[in-house]
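Each structure below is given as structure tokens.
Both complexes shown next keep chain A, but they swap its partner, so chain B is in the first and chain C is in the second.
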Partner chain A sequence: MLKYISKRIFLVLFVLLGVTIITFCTMHFAPGDPEEVIAIARYGEDLTQEQIEWVKVTEGFDAPIYAQYLKWLNHVLHLDLGQSLVTSENVLKEITTRFPATMILAFSSLIISLTIAIPAGIISAIKKNTIIGQFFMTGSLIGVSIPNFWLGLLLIWLFALTLHLLPSYGYGGLSHLILPALTLGTSMAAITTRLTRSSMLDVLSQEYIVAAKAKGLDNRTIILKHALKNAMLPIITFAGMQLGFLLGGSVIVETIFAWPGIGKLLVDSIYARDFSMVQGCVLVIGVTFALTNLAVDITYAFLDPRIRYE
Partner chain B sequence: MANNKKRINLNALITCVFIVAFLLISGCVESKEEATTNELTIGISTDVNNWYLSQFPDGDGRFVWSQIYETLVRLDTDLNIEPGLAESWETPDGGKTWIFHLREKVYFHDGTPLNADAVVFSYSNESCVKKMGTLRALNSVEAVNDTTVKFILAKPMSLPFYLTHVAWPVMSPSCVDGSGNFISPIGTGPFKFEKQVTDQEIVLVRNDNYWGEKPAIDSVIFKVIPEATTRVMALETKEIDMAIKLPEYDVSRLEEEDGIEVYRKLSTFTDFLQFNCNNGVFEDKEVRTAVAYAIDTEEMVDTVLEGIGVAAKGRAFSPIMMYSNPDLKLYESDIDKAKQILAQDGWSDSDNDGVLDKDGNPLTITLIVGKGEWASRHISIAEAIQGSLQEIGMNVDIQVLESAAITSLENKGDFDMLLRTGYFVWGPYPRHFLVHQSTSPYSHYNNSEYDALANAADSTVDAAEQQELYYQLQEMVLEELPAFYLVHEEKIIATNSYVKGYEITAEDPWLNLNGIYIEKEQ
Partner chain C sequence: MSLLEIKGLRVFFRSGDRTIKANNSIDLEVMDNEIIGIIGETGCGKSILGRAIMTLLSDNTEINGKIFYKGEDLLSLPESKLRTIRGKSIGIILQNPSAALNPVLSIGDQIAEVFQYHEKMSKQEAKMKTAGILKMVGIDPNRMQEFPHQFSGGMKQRIMIAMGMAFSPELLIADEPTKGLDPETKDSIVNLLRNLVRSKNMSMILITHDLDVTEKMCDRVAVMYAGEIIELASINNILAAPRHPYTKVLLGSLPNKGLRSVPGESPSLSSPPSGCRFHPRCVHAMDECKKDHPPMLLTEIGTEVRCFLYKGDQDQI
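Here is the complex of A and B:
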């Protein structure tokens, strides 16, 4: 197991190298001169050509792309993510001040999503041809179709403006967390419900379930012990991926709820051609994504004894 | 069996946690509202990324800057020039040298006095003003004595206008340490910097040593709420007391709502449709004129912008601006005339597809709209333009692009029309006309007569002469159409009704909290 984990971590390094190279190139090949965009962000719209040239030289944009990348990589290997090209703030500091907010939101929306999706999925699988089953499936269809920004605003309108129960925006206590987590959680739950349902149906039609029924086990034991555990594998995989994405931040929900997460930082930095900030964010998001996947793979071994990593 | 129970119990537990949480929170929110004292909470759309003069304060940073920092010269709520940190000024040589006499007994937030050295520091080579094109003519700033500063320019200019710019205020040299690293924002303004929580809030407290009328409120808290709709709802729940930059579509609803005051004022910002006069169909002035007649800006204001703003009908300067020419012959929309102009110019629909053509080339044009602050407004305006131009047989292809992509197309000259807002219009100063000057990176128009006129206007100090030149420029813009000016924007700010004494300023970046107070019925 330990050998497997260390091998995976070793591979993650290559993934990160690939991801950062691709990001770096995409940013460079995107239309527009980065020096001009950065100069405008720093000094305002009314610029002189000399100023743009000066930014180009001081930030090293006149060097070939590979040289620029290697320079960045060299700094990273010395544990230095550099400074923002626009605001001169320390990149690592900017990311770490926002990362806790992203993490809290990611985990709580995942919990909400699974709390809704797994029971709903199981019920709609067991009662697949009944009104209850249809109800859950319709619900999840609606959930998939509702865009996050609309749901978010609707929730603010209901819970903050109409019922005066929750704050409409911001970051702080548990009360601030509920609406954004609910917005993200319910939309994810919709997909997970469908997945749980189909996975359950798959397992329930297998012979060992029939055998268990013939043996006289009660339905509850069959479903919760024998079926669910096997049906969990695809759900865990999917939840792991969702968590990975969530840890990369969610721009829409962060914007609507004024949630100080990493997603908006990344998107703003891309528009501003803030290379060092974008590279820093991508690196951090890449690491968390890879670690989440690793954690998922390890969970497999516990869920299914047939899977053992040697 | 034991395992199953555990899982079920876990679900039940989580549900319980959320129910308890809900109950707890409903208690928390109630108690928070009562705690509000003599502080003003303002919702803005971006955090302040920069506090130092070496960089331009972007986004909504200017609203916060204008509480902490002050400029030498100021504008009143109707854009009239008035003394700021300088009590008086004069130019001995017709605009090349300007001498400012500083107000006495003014202290920075750290107790150091305002003196000539601080002004010299604020306009040093470090400062962003020296890096911009706007004050390129500024050669040097010298301290004559402790309270007198001399600005020396390469050419005559109306410097006091420019020094009203909130992005170029006077900062204390103690903002930086010995090696020039920025420590904290120290200005002379009515509020002092207290703390900043990234992407969440900025807290300012009253400056009790303020030289002018001291604020009635103890503190100002700027809350960063990027989404305009959320800002509006936060205002309605009274989580914030004032919301800045509201969308047009919310205004009529808020105006009718009890307990909310909406403040509106014509600003100096004007949306305009810039033509690529150097390349493509708009090289032909007749086609530009047809577009000007085809677009009904009055209808645009009424339908797209819910009646907020003033139809420009081609006028470059908002009527609130000092040199806005009142006797211009504006474009009244006339579809038939537009069609006629195009027909006379040789355009006809020879293949009956609804789009005009000439020499086998269809009249299909691109209209570029930027993503960013103005995006939603500009996209709806662009769609209205698309509709109007379709009526005269022009096929408009709207492209929404990020700023870097636009710059790249602009540099290549690869576009037909661009939708912009007059970013360069700060206060009354008329620098905006330089945007159509052939040397400007934003210009897509080449006319030496215009260039000379714009230069002359920018180098004149005499008010009467200035006015005459700017009147001429406005006529020329209408006549020549390097751009067709669409809508003079209205600035919108809303407060809860318990916020009293607020006066909205015409100047966009300046947030004037003078005399504001909170009257809360407990």
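Here is the complex of A and C:
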């Protein structure tokens, strides 16, 4: 187990290194030279060649690219992501004030999604040829087909505008969280339900389920003890990926509900051509994704003894 | 006295627009303290028969006939009653232990749950019982916490035996318990099973295509072909005086009898040959074999056989 986990951590270090390289490159692949972009941000659109040269030298853009990367990496390792080109705010500070909002939204929508999807998936697998099974499958098909932004608007119309039960946008208490979390949670639940169902059906056709039945166990024990733990493996992987994406900020939902998360920050920074902020966001999102996957791998080891004793 | 009596059992599966007739009017009795072998080539329906007795077949199966266990028809009992019989009064050792053991549960847990479930034992008690049962099948009880993938094929088979034998059921169904094992492991599994079944006065249905194993363990043998029992006799009669032409060629396929293969192809279970199902492969096939389905006939040595060759000398049963 320890060997497995240390191996995973070792591999993640390489992934993180890759993340930094790619993040660094976004700066250089972006249209226009970085020194020009920074010069525009500093001195406005009317630039002289001297101003651009000045930025190039003072910011170190004349050095070879690997030297620039190493210098930047050194800053990153010291948790220095630089300053916003637009507001001169510290990038890391700005991200850390936004990140909790994204995290709250991500975890609550994941919890909503799994609370709906796992029971619904199990029931529709067990009752696959009945009305109940069909009902859940139709429901999840509708859920998969509804776009996020439309569902968000629909919920705002119903709960905020018609029933006046919940605020339609903003960040604050639990009441602000409900609508965006429901929007994200239910649409994720739809696809997770289908995955749970197919995973469960696959497990239920395995020989060890016949063996469990042959022991005289009741259906409840067979499903909850023998089938679910096996069926959870692909669901954990998928939920982990979903969480990774959610922690990167869900741009559309954050925008609809004016939720001050990292996804909205990223999009705003892109529009404002705030390169250092974009770079910081991309780096944090990449690192979060890699770490989420590490957490999934470790969860896997707890669930599956074959991995634990690898 | 008969412990199990199967009467006119028919098991059909729907697969697309075809109907697979896996078992066709099976009649079979299992006596107290008897080991009966069911032999036949792969796909003859013998494993299906074992599962039908345990009522383990899936929902798309059409089952007709009666399976009397101690006078009660298992096929008409409610599921809740069946659960008290499965694993306690009738045990099964499924083929392919690697697939039949749950990969994410420890082997101790998979055995102990039988005690916890049927006898409402505490975890501690169940653990003690499990240790005892593991010892009985030759597995170190200290390995109780380990998982199936940590055991070898022969050991997994022993674990399956431990699971099926947990309550020393009156009837044990063993489905290919020696499949895929090397000769030495096979011998040890055969000895273990035979000794356990004999010492606990159990009855056993041994499903196998290994005639060697059949010879070592069984009192009586039912030979199956294309979903039917075509010969039913004591082990001595089967070996010394096989009656059905199929049984004869099957015995001829043994390594020490010349390793001759059965000519022709295995019949399809969805559209079996007309008349006697063996006639396309039979060297003695007559005209009536192609048209009429032979009934079970009793021969003078006590063997029951489904073949027109024996029609002249005795009455049909």
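One rule holds in what follows: the second predicted complex is superposed on the first by the 237 of 310 C-alpha atoms of A that agree within 3 Å, B and C clash if a C-alpha of one lies under 4 Å from a C-alpha of the other, contacts with A are read in each partner's own complex, and residues count from 1 in each chain.
Just so we're on the same page, a contact is a pair of C-beta atoms (placed from the backbone, for glycine too) under 8 Å apart; a residue touches a chain by one contact, two chains touch by 3 or more.
Fair warning: this is a prediction, and the values are worked out from it, not measured in the lab.
Which of chain B and chain C touches more residues of chain A: that partner is B. After overlaying the two complexes on the shared chain, residue contacts for A:Lys225 are found with chain B and with chain C alike. Once the two complexes are laid over each other on the shared chain, residue contacts for A:Gly216 go to chain C alone; chain B is not touched.
Once the two complexes are laid over each other on the shared chain, residue contacts for A:Arg306 go to chain C alone; chain B is not touched.
Shared-chain residue A:Glu207: touches chain C; no touch with chain B.
Once the two complexes are laid over each other on the shared chain, residue contacts for A:Ile131 go to neither chain B nor chain C. Once the two complexes are overlaid on the shared chain, A:Glu45 sits against chain B while remaining clear of chain C.
Residues 221, 225 of chain A lie at the contact with chain B in one complex and at the contact with chain C in the other. Remark: chain C residues 51, 54, 56, 82-88, 91-92, 94, 96, 99-106, 113-114, 117-118, 147, 149-150, 163-164 touch chain A in the complex.
Against chain B, in their complex, chain A makes its touches with residues 30-34, 36-37, 40-49, 51, 86-87, 89, 94, 97-98, 111, 115, 118-119, 153, 156-157, 160-161, 164-171, 173-175, 178, 220-221, 224-225, 228, 255-258, 260, 264-265, 271, 273.
Partner chain A is touched in their complex by these residues of chain B: 1, 3-4, 7-8, 11, 14-15, 18, 21-22, 24-26, 28-29, 49-50, 55-56, 58, 128, 131-134, 136, 167, 198-200, 223-227, 229-230, 233-234, 236-237, 239, 371-372, 402-409, 411, 423-424, 431, 441.
On the side of chain A, the complex with chain C involves touching residues 206-208, 210-218, 221, 225-226, 229-230, 303-306, 309.
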